[in-house]
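The data blocks that follow each hold one structure.
After this come two complexes, each holding subunit A, first together with subunit B and then together with subunit C.
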Partner chain A sequence: MTNSLITNPLRKMMKRLVLRWLLYLLLCTFALYYMMPLFVMITTSLKNLEEIRTGSLMSLPREITMAAWSTAWSSACTGIQCEGLRPYFWNSVLLAVPAVLISTIIGAINGYVVAQWRFKLSNILFALMLFGCFIPFQVVLLPMARVLGMTGLAGSISGLIFVHVIYGIGFTTLFFRNYYVTIPAELVKAAKVDGASFWRIFFSIFLPLSLPIIVVTVIWQFTQIWNDFLFGVSFSQAGTQPITVALNNIVNSTTGVKEYNVDMAAAIIAALPTLLVYIVAGKYFIRGLTAGSVKG
Partner chain B sequence: MMEWMEKQMPKLVLAPSFAASLIFVYGFIGWTAWVSLTKSKLLPRYDIVGPIQYQRLFDSPRWDVALSNLFVFGFLFIVISMLLGLVLAILLDQKIRTEGIIRTIYLYPMALSLIVTGTAWKWILNPGLGFEAMVQSWGWDSFTFGWLVDPDMAIYTVVIAGVWQASGFVMALFLAGLRSVDQEIIKAAQVDGIPTWRIYSSIILPSMAAVFLSAFIVLAHLAIKSFDLVIALTGGGPGYATDLPATYMYTMAFSRGDIGQAASSAMVMMMVVFAIVVPYLYSELRARND
Partner chain C sequence: MSPILEIKNLNKNYGPTNILNDVNASIEDGEFLVLVGPSGCGKSTLLNCIAGLEPITSGTIRISGRDMTHVSPKDRDIAMVFQSYALYPTMSVAKNITFGMKVRGIEKAEQDVKLAEVAHLLQIETLLDRRPAQLSGGQRQRVAMGRALVRNPKLFLFDEPLSNLDAKLRVEMRTEIKKLHQNLGASMVYVTHDQIEAMTLATKIVVMKGGMVQQIGSPAEIYMRPANLFVADFMGSPAMNLIPARVTMNGKGASFTITRSAAPPMVLHDENIKSLPDNVLLGLRPEDIGDASLRKGRKLQISNCHVDVVEPAGADTYVLMTLGGVEVTARLQAETAAQRGANMEFTFNMAKASYFDANTGERLN
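Now for the complex of A and B:
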């Protein structure tokens, strides 16, 4: 009797400890699974081709060389041209910065109207606009290619900016709308009584409150646009391609010896900006993801 | 005049965006639908002849492959990502001290472009120097893993890479769902001595139906739109063994110059998306209005 009284709590504690241990083991195993491709990418990018051919996938590089990185950045071939990723990296910057800014600004103003200045049809208009987020973009590729051709924007970065703004607005509007509906309508009413105008209320009341949602929206849009491939490959031409398209060209059009280390270095370069954003502002990234989860 | 302007300002502000979506979403869908009913080849034609493009589409063995790939890929991708995401969320929900770091690790693939993911997995799964060679070098000489170049198995490599990319995100969705369950009920159940697995299976999970649904919608949507991943990982190959509707549409539109086929396949894709998304949106909107 007394014996079991002593051993029982002890056994329970032991069981708990083992379970806890197992739990951490499992969690770490999964962490390794998610880290593995990144690890392989980094180590492969630091090896020379000889070592890749003779060594193992997951071994650490015997001697570290940055040669693959400099090839990927400035001399890898994306088809006929062999200028590396550099020009395409800047294409993506030139594309993403204006497209993110414009779609965020338009989204903020639209969201302000839809949340705080409702008129008769505003909810239906908003629902119709939001619907545009859900279409598979294949359904607009053909007519968009024609419109860009007719307006002379085909194959240009401005054309791509235009496309990303158009199909980003529905979503940025949703973000701001969901944020602004939480601000009490009495605030607008009181400001109106005081004679403040539509724009005045926006700039001096709403905008100063908007920092968190601006961060979420900018991060979301930046990730979407930087990582986009479909629009990039459909609407750009040699010289204006974004980095994802150039990366795919480097990986899939190398003739002769396959330079895996260059491929991996190029992939990391293409991933670096969004990874950096994720590491620095992961909290906002996740907030955008879950808020944007209806879009996918 | 100024007063009128001020009064109409909300409408004036919303008008351009709405007009843009009218043209670039609805107008464009209309254009694609129209052209899908014509004999368009290299150039669009506008005389409607009926559903011949859809007949051609469903007679095409390549479309057949693309569609069945979508079902195989979509099913496995959704089921495995959901299961893995759920397991990870439950494991992480056990008051883990390093939760923040672990969550960050699980979720980072979502920040990557699918082209990057495809490139990485293409290297890992390549039979010559990748995973296969590594296991062989450990002494298991007869080990083979050539899915990437096997027409019957290549679609499963897309599943592997897709799950790696999206499962962390599902974990984040489920974790948020687990945290929003009423903690009082859980405490009460614990006090009553109900085992933890029963608390999960009978109390917590059933109350998360909405989270399951939205995870499903997101994953289904991702699966149907999958294009980048296939292009980067297999290029649709070997042959067209890993074609999906999205890559089929792209090939028809931009390399085959078959606008009729491109338009009709895009319309089928849209109908599949709508069949999944519209009921969901409808129920969401109704729930909000109630």
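Now for the complex of A and C:
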């Protein structure tokens, strides 16, 4: 009796400790597993071709060289041109920045209307927009190509911006609507009595409250648009292709020896901006997703 | 001079549902109108209609004689205090109060003067730089009032402004609102479900139920002469006793026979009534039933009743008995001799009695 009284808590504590360490071990294993491709990419991109051919995939580079990176950036061949990723990187920036901004602004205004200025068909309208989120990219390719052709935007960066804005509005509206719907309707009433107009209420009261959801929307849209390949490859032409298309071309159009180090460096360059956005704004991302009620 | 607010034949439907049914009411300059009723009676909707925040189906709303039925809220010369206070969360207290003036393009210097005035009046000078989230409930309430006061409108609208406060603060703020009304002489419309708030604040009460006005009158009228059973039951705490009675008319007025379970029927008289149907509900406020040992006089109607429950409530003691098959409450002095299970003599003040039709619920006298 007395024996068990002493050993029971001790045994319990030991058990908890062991379980805790097992958990850590498991998590570390997973972390290593998921880090492995990145590790291989980085080490390979820093090796020269000779070393890649002779050494093992997992080994650290014997001598570090940035040659592959500079090749990938400025002189790798995408088909017949050999200018590296640089021009396409800027294409992607010129595409993603306006597309993200425009779709976020439209989403904010849409969400504000659907959440706080209900009208007869507003719920149906919102449901239709939501429906747009679930339409697969492939379905809209042909109709979109027709529309771009008719509007004269085919093959241009503006055309791609247009496509991404249209496709993104469903998501951005959803985000903002769900955020704004938690803001008490009395706030709008109070502002109306105070004499504020539709836009005044939006800019003075709703927008200042919106930082968390703006961050979420920007991250989401930026990742979607930067990483998009299908629209990029379908609606662009030589000179307006985004970085994802160029990356594909670099990897698929080598002649003779396959330059794995250049491929790896190019892939990392293409992924860097989205990584950066996550690192800079990541904490707001979680906060914004879970943020809801505004305590006034 | 035309009334400050005049509502005529106002109807409001949501689809096929009738929310407000032929509402008529008006107030003069400086009056304090309270809309009271249980939740879902349409009182808040009516206030929103007055503010112009909800469209109405038919009828007219006039403010200071001007037809405002289709005028937007900002042009109605009103200010409104909301239940949730609805303070702008990202603005400081000062900005909250001056937002309306800023929107209307009033000069900064004038804004500052008015802000200082209102802040002084409500004693929130030290809070002006804070955000709403940094304020307590009572402070938020004051800021919300400040936002309304600074506009100096023709009409103030209050939508259950005290219901989010704790009991003690609610009583304090109630007194402050009353003082404010007396000092400013402003016209106010105030919505509440709390009948005590209605009684203490109002110069005129509108009792509502199911979208229909039940009675309009001064607090005393509503309390002393409720128009129907609903008003009688809703206003006053504890509620008015409504005792089923059989009526016998004779040359000297009416006699009321009230059955009792363990005693012979009790009979009360009222000489001032000319005619009544055979069955009525006799309405007596708890304070109209008293302790017979403390009252002297020839005209007293005394009856010996069985005491079921004694509830001391501090200032008063409530005594419950069963008359005519219903529970009846008497409000006695705190140090009453009443004891549970014992019999005791009670006086019934028939001069204050109300009579209601047992079928229609309408007042008969």
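General remarks:
Definition applied: the second predicted complex is superposed on the first by the 265 of 296 C-alpha atoms of A that agree within 3 Å, B and C clash if a C-alpha of one lies under 4 Å from a C-alpha of the other, contacts with A are read in each partner's own complex, and residues count from 1 in each chain.
Keep in mind that, in the parts below, a residue touches a chain if its C-beta (ideal position, glycine included) is under 8 Å from a C-beta of that chain, and two chains touch if they have at least 3 such contacts.
Note that this is a predicted model, so its numbers are computed, not measured.
With the C-alpha superposition on subunit A as described, subunit C and subunit B fit side by side in the combined arrangement. In the superposed model, subunit B and subunit C sit 90 degrees apart as seen from the Cα centre of subunit A, a figure rounded to the nearest 10. Once the two complexes are laid over each other on the shared chain, residue contacts for A:Leu128 go to subunit B alone; subunit C is not touched. Looking at the shared chain after the overlay, A:Glu51 reaches neither subunit B nor subunit C. By the document's definition of touching, of the two partners only subunit B reaches A:Leu230; subunit C does not. Contact comparison for subunit A: of subunit B and subunit C, B touches the greater number of residues. When the shared chain is aligned, subunit C comes close enough to touch A:Ile205, but subunit B does not. Once chain A of one complex is fitted onto chain A of the other, the partner contacts of A:Lys189 are limited to subunit C, with no touch recorded for subunit B.
Nearest C-alpha atoms belonging to subunit B and subunit C sit 8 Å apart in the superposition, given in whole angstrom.
Subunit A residues in contact with subunit B (one complex) as well as with subunit C (other complex) are 294-296. Taken together, the subunit B residues at the contact with subunit A in this complex read 6, 9-11, 13-14, 17-18, 20-22, 24-29, 31-32, 35, 44, 88, 91-92, 94, 96, 102, 104-117, 119-124, 129-131, 133-134, 137, 164, 168-169, 172-173, 176, 214-215, 217-219, 221-222, 224-225, 227-228, 231-232, 235, 245-246, 249-250, 253-254, 259, 262-263, 265-267, 269-270, 273-274, 277, 281, 284-285.
Within the complex formed with subunit B, the residues of subunit A that make contact are 23-24, 26-27, 30-31, 33-38, 40-41, 44, 52-53, 56-58, 106, 109-110, 113-114, 117-119, 122, 125, 127-129, 131-132, 134-146, 166-167, 169-170, 173, 197-199, 223, 226-230, 233-234, 244, 247-248, 251-252, 260, 263-264, 266-268, 270-271, 274-275, 277-279, 282, 285-286, 289-290, 293-296. Touching subunit C in their complex are the following residues of subunit A: 184, 186-187, 189-196, 200, 204-205, 208-209, 294-296.
Residue ranges of subunit C in contact with subunit A, taken from their complex: 48, 51, 53, 72-74, 78-80, 82-91, 99-100, 103-104, 132-133, 140, 147.
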